[in-house]
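Right after this note come the structures.
What follows is chain A paired twice: with chain B in the first complex and chain C in the second.
After this line comes the complex of A and B, so read on.
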């Protein structure tokens, strides 16, 4: 095991920091927008719980945890997954993917680390604070016991999202014009801002097993809350299995797509 | 005036042609307008059913369905994206040729806007019908409410379009400020009553919503269409307030545009 992958990540990380420094004002504005997104999500929770005590067993404290987790995931996806896939789609369309293919590194690894939007970490920190506050209001203490399971499930969620994106990106080898696929992704993702139990059974099943959205926001949030009744049975096991499966399937599909890639333009 | 009408029709024909050609991509834009209200409807009906009397702020499940179906339809007719686009036109220099035409760029943009709404109707109208038949919303509107409601929706479309364009003018001062557009959109979502019907709001937010224009773009036409505004006076005065806001928006646009164009120095080519 050589250290070269780590060195590469560090290198791209440094380049991205330098790019950020060049567009500082834009970065500040985006951070402000993130904070406003969070405020609007908190306002929605406030409005909902003005009229009711709980929504299918979720009280306002539970909902705060979910809002926090949703923000963490939404921010986390924007650190590396979405920027890299956006670049991949652009490269496939422009034909500049050839330059990445020629590098003497694993291509999937390379196309997954090129873009790192560091300041999105702010989203993760803000989200974590909100989630921790929700837990604190619920039990009077910080959820340290649940933290490990939560971290594992959050990581599993990111792996699932990564797999979904890699599959979407690979589809671009055949259908060049799928830039708008990002919009589809965010459209569906938005359904994850509410607990999965609010949906009717058919939709709930779809969002759990077909489009595994439940494992990305609701399941980690429920784990952090630490109430067994909120988790779907065996949810942690399912989440991990789903993550492993997504990783393998997306990797296979990527390699299959790559074999069919004959380069564009050039 | 005749010149404007003729060029506007030409813009509209061209824009419809382009939209039809890129219908696949345009369609994806419209999908959000369907998913977002549906998710919110499911959320609110779940919240209402958790209460003992199955209602929340005077809405039961069927009424939330009616409200969100109206919001879905109004959301379509009020779509406007200049606040995101004008900055790009300025940065890329695409605005310069538009400025050379003997007619204001807003007419071209308005034609694009109407073309989008007409072309995507072919996708979204069937989706509305599906929502209507499967979710069974409880409409209580009588004919005069529907008629005035249609007027209110058109006014809402005009108002949101024009105010959005005024906000977009900020791009002349700072062309890479997507944040402004997003903020405007977020405030309109909350205080317009798209995230939540105004009746469900805590008093402070409710009061803020009264002094902002957004409730007249979304909540008011929706409540009128579903039959929640019972008196003719309330309906007519609401439309009157829409007119007042529209007049204010036109004045703001005139002032803003002349100041903005003076500032404009072309970027690249």
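After this line comes the complex of A and C, so read on.
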């Protein structure tokens, strides 16, 4: 294996850092908005737990961990997944995808690494702090033993989200205007702010297997808390299988879409 | 050595179609009707290494579609094509490294960054060795005279400057085959001339094969010895530029200066009157009738001066498209636009 893919990622990373300077004000505003989001999410937890001790086995410390994980995932999605997919949609609409197609590099790889919004790392750091604080309140120490499993599951969650986005982006080959899909995505994603167990069985099943939201926030959070009982049995294995499946399916669908694009576009 | 071989290439698009009006719109939501559009219709040609070939034709003639198939962006509906032994639409990296396509209407430079940064990304994507990149970029910067603009953000550049940077970036990997789709669109005359000179120079230096489409006739006449005229997806003409007028328009233009004003002489019975002023007439006549008509004019009129010329290439092509188009369609947009421009320069 050559190091070329890594070199390319690094290069795009640097280019995007340079780009930051052009949008400094935007960056500050967005960081402020992120912090406000986090505060409002913490308020929700506070409001819920002033009335009760426990929501279906989740205490406020657990909820803090989940809110933190949710923020980390949301930030991670905004670092690379959403920006790249936005650019893809724009490219398809404006026809500039042609340039990406003509590069002697795997097109899926190229369209997935071009945009990196570095400052969104702030979300991930804030989220990590909140989650760590929750764990600390729970056990009196930081969850170092669970960290590896947590990292793996978080990565699996990102792969799942990436797959979902790639499928949504690919739809643009047929339906040229699908920007609204981002709104739909975030609205569904909101549901991940709460542990999957609070939803009625039908919704829970849907959010686990149909739209695998459970694997994106609840499962990593539960791993961090170290309470496997709060999960579907074998949740980590399911999460990894789901990630692999999403990656394969989305890649197939992308390639199918690309064939359609080059078969039909003007 | 044949570098591009195209055999019976076809591209048919399925285009949704509906009549105007509200009811038709609503109906089309549920049931779409489609129309087949033959954008490229059994096109066959071959290009030798180092040739510059001009594609001429009105908007929607199939020029860009053909270029897109050659560069691997589109799968053809039918037919075959190889470029340097590769089938373009397989988009093998080995092929993509050897070609480049420049689209005058689209930018491949990052908008918010200096062009130089886009060059670096391009070099990495094409995995260019550092030394080769340095050499090429230095050479191109000098040739295109863009040293001063490289460090400015692309969005602050003028169209001409940006276009030169676009050309530079698309040549960094030294493509052997170059597809230029409207490379001079929107830039001023001086810049057009410089871009043309550069393209000619690149072709000489590297023996690159170039296919060029353009709105501007001058691009084609200045650069291409050979042109392919394409309309409605079909090749109308493929050959040397100077043969084109002979083939497509067997006409001559007779320019007459009169000694004094003449009333009531019926020029239109001799041919098409292009211009009629008090003491000046431009007459387009069939080539074969030129001697007899000239003879008659000299006998019947007080001619001060008479010259016989070939019609301008723009008019020739506009006429060729005009004839082929049915009356309900817009006759060859870009060709007539070009002829309109040239009309002013006409003697």
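As a convention for this text, the second predicted complex is superposed on the first by the 261 of 266 C-alpha atoms of A that agree within 3 Å, B and C clash if a C-alpha of one lies under 4 Å from a C-alpha of the other, contacts with A are read in each partner's own complex, and residues count from 1 in each chain.
One rule holds for everything that comes next: a contact is a pair of C-beta atoms (placed from the backbone, for glycine too) under 8 Å apart; a residue touches a chain by one contact, two chains touch by 3 or more.
Fair warning: this is a prediction, and the values are worked out from it, not measured in the lab.
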Clash-or-fit label for the pair chain B, chain C on chain A: fit
Once chain A of both complexes is superposed, is A:144 in touch with chain B (first), chain C (second), both, or neither? neither
So, does A:110 touch the first partner chain B, the second partner chain C, both, or neither? second
For chain A as apex, the angle formed with chain B and chain C - C-alpha centres, to the nearest 10 degrees: 90
First (chain B), second (chain C), both or neither: which does A:237 touch? neither
Look at A:15 in the shared chain and tell me whether it touches chain B only, chain C only, both, or neither; answer first, second, both or neither. second
According to the stated criteria, A:102 is in contact with first (chain B), second (chain C), both, or neither; which is it? second
On the superposed three-chain arrangement, identify whether chain B or chain C touches more chain A residues. B
After the superposition on A, what does A:210 contact: first (chain B), second (chain C), both or neither? neither
For the superposed model, what is the least distance in angstrom between any CA atom of chain B and any CA atom of chain C? 10
The intersection of the chain A residues contacting chain B with those contacting chain C is none
Within the complex, chain A is touched by chain B residues 24-25, 28-29, 31-32, 35-36, 39, 42-44, 46-51, 56-57, 176-179, 182-183, 186, 189-190, 195-196, 200-202, 205
List of chain C residues in touch with chain A within their complex: 13-14, 39, 65, 68, 71-75, 89, 91, 93-94, 96-97, 99-101, 103, 106-108, 110, 112-113, 117, 120-121, 124-127, 153
Per the touch rule, the chain A residues reaching chain B in their complex are 25-26, 29-30, 32-33, 36-37, 40, 43-44, 46-48, 50-56, 177, 179-180, 183-184, 187-188, 190-191, 193-194, 197-200, 203
Show me the residue ranges of chain A that touch chain C in the complex, using the header's touch definition. 4, 7-8, 11-12, 15, 18-19, 22-23, 94-96, 98-99, 101-105, 110, 259, 262-266
